Amino acid sequence: MTPKIMIILGSGSDIAIAEKSMKILEKLEIPYSLKIASAHRTPDLVREIVIQGTNAGIEVFIGIAGLAAHLPGAIAAYTPRPVIGVPVDVKTGGVDALESIVQMPYPSPIATVGIDRGDNAAILAAQFIGLHDDEIRQKIINLRKNYALKVKNSNEEIIQKIE
Amino acid sequence: MTPKIMIILGSGSDIAIAEKSMKILEKLEIPYSLKIASAHRTPDLVREIVIQGTNAGIEVFIGIAGLAAHLPGAIAAYTPRPVIGVPVDVKTGGVDALESIVQMPYPSPIATVGIDRGDNAAILAAQFIGLHDDEIRQKIINLRKNYALKVKNSNEEIIQKIE
Amino acid sequence: MTPKIMIILGSGSDIAIAEKSMKILEKLEIPYSLKIASAHRTPDLVREIVIQGTNAGIEVFIGIAGLAAHLPGAIAAYTPRPVIGVPVDVKTGGVDALESIVQMPYPSPIATVGIDRGDNAAILAAQFIGLHDDEIRQKIINLRKNYALKVKNSNEEIIQKIE
Amino acid sequence: MTPKIMIILGSGSDIAIAEKSMKILEKLEIPYSLKIASAHRTPDLVREIVIQGTNAGIEVFIGIAGLAAHLPGAIAAYTPRPVIGVPVDVKTGGVDALESIVQMPYPSPIATVGIDRGDNAAILAAQFIGLHDDEIRQKIINLRKNYALKVKNSNEEIIQKIE
Amino acid sequence: MTPKIMIILGSGSDIAIAEKSMKILEKLEIPYSLKIASAHRTPDLVREIVIQGTNAGIEVFIGIAGLAAHLPGAIAAYTPRPVIGVPVDVKTGGVDALESIVQMPYPSPIATVGIDRGDNAAILAAQFIGLHDDEIRQKIINLRKNYALKVKNSNEEIIQKIE
Amino acid sequence: MTPKIMIILGSGSDIAIAEKSMKILEKLEIPYSLKIASAHRTPDLVREIVIQGTNAGIEVFIGIAGLAAHLPGAIAAYTPRPVIGVPVDVKTGGVDALESIVQMPYPSPIATVGIDRGDNAAILAAQFIGLHDDEIRQKIINLRKNYALKVKNSNEEIIQKIE
Amino acid sequence: MTPKIMIILGSGSDIAIAEKSMKILEKLEIPYSLKIASAHRTPDLVREIVIQGTNAGIEVFIGIAGLAAHLPGAIAAYTPRPVIGVPVDVKTGGVDALESIVQMPYPSPIATVGIDRGDNAAILAAQFIGLHDDEIRQKIINLRKNYALKVKNSNEEIIQKIE
Amino acid sequence: MTPKIMIILGSGSDIAIAEKSMKILEKLEIPYSLKIASAHRTPDLVREIVIQGTNAGIEVFIGIAGLAAHLPGAIAAYTPRPVIGVPVDVKTGGVDALESIVQMPYPSPIATVGIDRGDNAAILAAQFIGLHDDEIRQKIINLRKNYALKVKNSNEEIIQKIE
C-alpha cells in the first residue's frame, strides 16, 4: 500500500523512539515508510526524500531528532504538508531538542509533541489524516475508548486490591 | 460560512495572541470561530463548545493559554480532531505554559507551536485542512512563496544599502 | 468508615507516589479512597468521581500526576474543596509537572507540594482536616514531635560514632 | 473580629503581592491580620508571632517571600496549622523563590501557589476554612460562579465584536 | 575586494546583532559580505549562497539567528569551511537559540559564541583567518592590546574618582 | 580540642557530603563538631546549637542541605559568624538547593559553594580561620601546592602514556 | 588606612554592583580598595594586583562579574585568602554568571552570594574579618540589629495603616 | 611531527572526552599534543604552556572542562590563536560548563561546541587549519562524505529490515 506517513530519523540511534510511532501506526493500519536522513550530514537526501515523498502522496511527515534537532524544520522547508516533531532526550533531559523543534519562526510551524513521544506523534498524524478519512478517524476514536477503558479498569483492579 | 477552525482562549487577556491567528486565517480566507472558555473556571463550557463544535464540523481546534496551560489538553479530551496548542508568555518567559502543553501523555497529543506563536498555529491548522482541500493547500504554498520572496527582497535591500 | 480524603492518580504508573501518601494516612488513621482517572483520557470519569466524592463528604482531594500534569487542575474545576497537587518526576526531573500544577490562574489554586512528595501531600491534607478535627490535629503534632525526636536521636548516634 | 488568617511578608517590598490576598479576603469577609517578619533578620519575631497567632486562633498562615524564600518554611516550623507559600518574582523570574518554597522535605509541607499569586493564596486559605465554615464555603462557590460568568460574558462580548 | 567572511542573517529583524560583527570587521579591515537567508523559508537560497560563497573564496561563515536557530547548522551542511553561530535573544532569554546552535551532532560543529555576541563572532572569524594571514593576526593582537589598555585606564579613572 | 568549625546536616541522609568536609578538616588538623538539626523539624535545636556554638567559640558554621535548603539561612539567623552553605543534589540536579541557599537577601549572606562540594566548604572555612591563624593558612597553601603538583604530575603521566 | 578588602570589577559596566559593596563597607568603616581587571583581557593585571594585594595585607577579595564570570576564580588562583564572588545579571537573568562562579572545583572555592548582591558580599567580607577583629564583629551585630529593628518598625507602620 | 593542535584538560577525570578528540585527530592525521592544566589550581602552568605552545606553532587550542569551566577562557587570555571549548557534563547536565564557556565577553570569544563533544572540537580545529592546508581540508571533506554515506547506508539497512 502507498504510505501516507513518512517517519524520518535524524540518526539510527533514535530508532527506539521511531518504533513507538511504528507500533501505533501498525495498530491503526496506516501505511508508512521509514527513512534515516540527517539535516546536517545529508541535507540533499532530506530534500530529495521530502520532495519525492510529497509528490508520491505522503500526507504527514514525522521528524525524530535529539540535540540541536533541526530535522523537523529541514523537512518543513521542503513540503507544504504538516510536519510533526519528536524531540529525543540525548542531553539536558531533551530540553535542547524540544526548544530546537518547537520554537520555529513564522510561517514554518512544527507540530511538536512531548520528549521521546513517538507514540503521540503517530496519534497526531492519524488525527490529521482522519480529517478526511472516516475509517482512520473511527480507529482513533476506538483506540482512545479502549485506552480510557483500560484506565477505568486499572482503577477497579486497584480498588479491589486495597479493599 | 461554516467555520472550519475554532480558536479557544483560556482568558480574554490572551487576545493579542489570538489576533495573530485570526489575521492569518483571514488572509487564507478560512472561516473560524472564536471562543473564550477556561479549563479551570468553566470546564463544562469547554466540554460543551468542543463537543458542539466537533459535531458542527470544526476540523481543527486551537487552544491558547498561559501559565499552567491546560486548555489545549482539556479540548483534546473531548474531540478526536487535532488540537493545536499555543503557549503564552505570562510568567517564566512562557516556559511554564510550553511544558504544560507539549508534555502530554499517550494517547492525547497536542500539536504544540512556539511561545506566543498564534501566527504559526493558523498556518499549521491550514496545513491540516489542506490535506483534503486543494484550494487551501495552494494558498499556503502561495503564502510561503510570498514570504520567501520577502526574505529574498529584504536581502537585496540590505545589499544595496551597504554597497 | 467514610473516606475524608480522595487520592486520584493520573496513571497507574504513579502508584509508588500514592503509596507514600497512603502510608502516612494510615499512620494518622484517616480514612481515604484511591482512584485512577486521567484528565485527558477519562475526563468524564474525573468529573464524576470528583462531584460524587464532594457530595459524599470528601474534604480534601490529592491529585498525583507527571508530565503535562493537568489532573489536580481538572479536579479543582469540579469541587470547592481544597485540592493538593503532587508533581511526579517522569521527564525533565519533574519540573514540567511542577510548573503544570503550581502555576494555576485565579481563582483556581492548587496546594502544590514538592516533586514526588506523596508523603507531604498526606500531611498537608491532614492539616486541613485538623482545622476542625482536634484528634487529627493532635496526631499531626505527635507525628511531627516523633520525627523531631528522630532527628535529634540520629544526631546523638552520629556524635557517639565520631567521638 | 478575631482574625482567622495571618499574612506574613518577608519584606515590606512585597506588599503589592499581599494586597492581592487582602483584596480577596475582604471580598470574602474573612478577618485577617498582616505582619512583616523576616526568617533571616528577625527569626525570633517569626517564632513569636506564629506561636501567638496559633494560640490566638489563627487557622491558616500565608507566607509571602522572594529570592531564597524561607519564610513559609520558617512559619511551618512553629505551627501545626497549614501554611500557604507565595513565591515572589524578584530575580530569575521567581523560579528561585518557587523552588525554595515548594521543595520542602517530609513532614513539613507548604501549600505552594503560583509565582506572585497572592490572590490564589487567599482563595486557598478560604477553602481550608470552608471545610468547617459553611458560610465561607458558600462564598467561595459564589465567587467562582461569578468569575465563571464573567468568563462566559467576556466570550459573548468578543463574539459580538467580531460578527 | 573579495570578501573573506560571509555574514548570513536568518531574518532582517536580527540586523542589530549583525552590525556588531560588521563594526569589528571594518575596524580590522577584513572584507565581508552580508546576506539574509532563512533555513526554513528559503532553504535553497541558503544552499546556493553558501556553495557559491565557498567557491568564491569565503573562508568563514557567520550565521546569526534566534528561536529554533537552525541557520548556522544549515550553512555547515553545505560547506567544509568553519561556521560561527550567534544565538539571538528573541524568547526565553536566548537560551532556545543557544541550545539550537551549540548542541550540533558529529561531525557538524558550529563554533558558537555568546547570546547576541555579534562582536565576538567577528573576532573569532578574524582569528581563523589570522592562522595564515599575519597582518590580520597582528591586527587582532593590537585590538586586544588596546582593549586591555582601555580596561587598565578605566581602572585608573575610577581610582582617581574615589580617592 | 575546642572545635573551631561546626558542620550541621539538615538530614542524616546527607552524611556523605559531610564526610567530604570532615576528611579535609582532618587533613588540615582543624577541630570540628558535627550536628544534625533540621530548620523545619527542629528549629529550636538549630537555634540552640548555633547560639551555644557561637558562645563556645565556633568561628565558622557549615550548613549542608538539599531540596528547599533553608538550614544555612537558619544558622545565619542566629550567629554573626560566617556561614558556608553546601547545596545537596536530591532533586532537579541540586539546582533547587543551590537557589535556596545562594539567593539570600540583605544583610544575611551565605558563602555558597558548588553542588555537593563538602570538600570546598572545608577549604573555605579553613581560609576564614587562616585570616588570623598563620599555621592553618600555611597548611592551606601547602595543600594547594600539593594538589597543583598532583595536577602537574598527572600531566606527565599522560604524556608518557601517549608518547 | 591600609585597605583590608579589595573589590575587583571584571568590567567598568558593573560599577553599580560594586557601589552596593562600597556603601556597606563605608558604613562599617572598613578600608577597601577598588580595581578593574578582567580575567580574559588583562590576566596579568589580575595576577599582579592579587599577588601585590595579598602581600600588602588584603584579607578578603571580592570579585564582581557577569556572563562567563571567571574573575573570582582567577583571583582565587593567586591568593590563599578567601574570595567572594558576586554574579551580575547581564544575560539569562544572571544564571550564567552564578553557575560560572559557584560551581568551582576542589580545592578552589568561591564564597558565592546572590545575583547582583554587592551588599551581601560586603557583609560576608566583614564577617570574615570579624573573626579576629572584635570591633568589626560588633559593628556587624549592630548593623543587623538595626536592620531587624527596621523590619519590626515597618511592621508597626503597616499595622497602623490598615487598622 | 610538530603538533598543530594542543588539547588541554582541566582535570585528568575528563580524559574520556579528550579521547574523542584524539581519535578524530588521528583519523585526520593531524599532529597534536595533550596537556593537563587547571585554570584554578595551576594558573601559571596554563599560562606557560599556552605561551610556549603559541610560540612553538600551535595553531588551535582545545580546552576541555566541566563545572565552572574557566579553562578555555584562561587559554584565550594568553594566545591570539582560536580556542575551542568543550563543556563536560559533571553536574546539572553540563549546563553549568556550557554557560561558563560560551558566554565570554568581548573581545575574547571561545568557539564552543556541544556538551561532551570532544569529537566535534577536533573537526572544528581541523576546519580552522584547513583554511590554509588543502590536504587537511580534503580529509574533512572525505570524512564528512564517508559519514554521510554511512547515514545513507544505515537507511538502506533499516528499510531492508522492515520490508
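The first chain written gets the first letter, and so on, giving A, B, C, D, E, F, G and H; residue counts start at 1 in each chain.
We take it that a contact is a pair of C-beta atoms (placed from the backbone, for glycine too) under 8 Å apart; a residue touches a chain by one contact, two chains touch by 3 or more.
What you are looking at is a predicted structure, and each value in this text was computed from that prediction instead of being measured.
When the C-beta contacts at F-H and at E-H are tallied, the pair with the greater total is E-H. For C-D, the equivalent interface among the listed pairs B-E, F-H or A-B is A-B, as over half of the contact pairs agree by residue number. One simple way to say how far apart two chains are is to compare their mean CA positions; for subunit C and subunit F this gives 34 Å. In this assembly, the C-alpha centroid of subunit A lies 42 Å from the C-alpha centroid of subunit D. For subunit B, the set of residues that touch two or more other chains comprises 11, 38, 41, 67-68, 91-93, 95, 102-105, 107-108, 110, 114-115, 144, 147. Residue ranges of subunit H in contact with subunit E, taken from their complex: 24, 59-60, 80-82, 84, 98, 102-115, 117, 119-121, 123-124, 127-132, 137, 140-141, 143-144, 147.
Contact residues of subunit B toward subunit C in the complex are 10-11, 38-41, 43, 47, 66-68, 70, 73-74, 76-78, 91-92, 95-97, 99-105, 107-108, 110. Listed in rising order, the residues of subunit D touching subunit G in the complex are 11-12, 15, 22, 34-38, 41-42, 45, 67-68, 91-93. The part of subunit H that touches subunit A in the complex is made up of residues 89, 93-95, 114-116, 144, 147-148, 151-152, 154-155, 158-159, 162.
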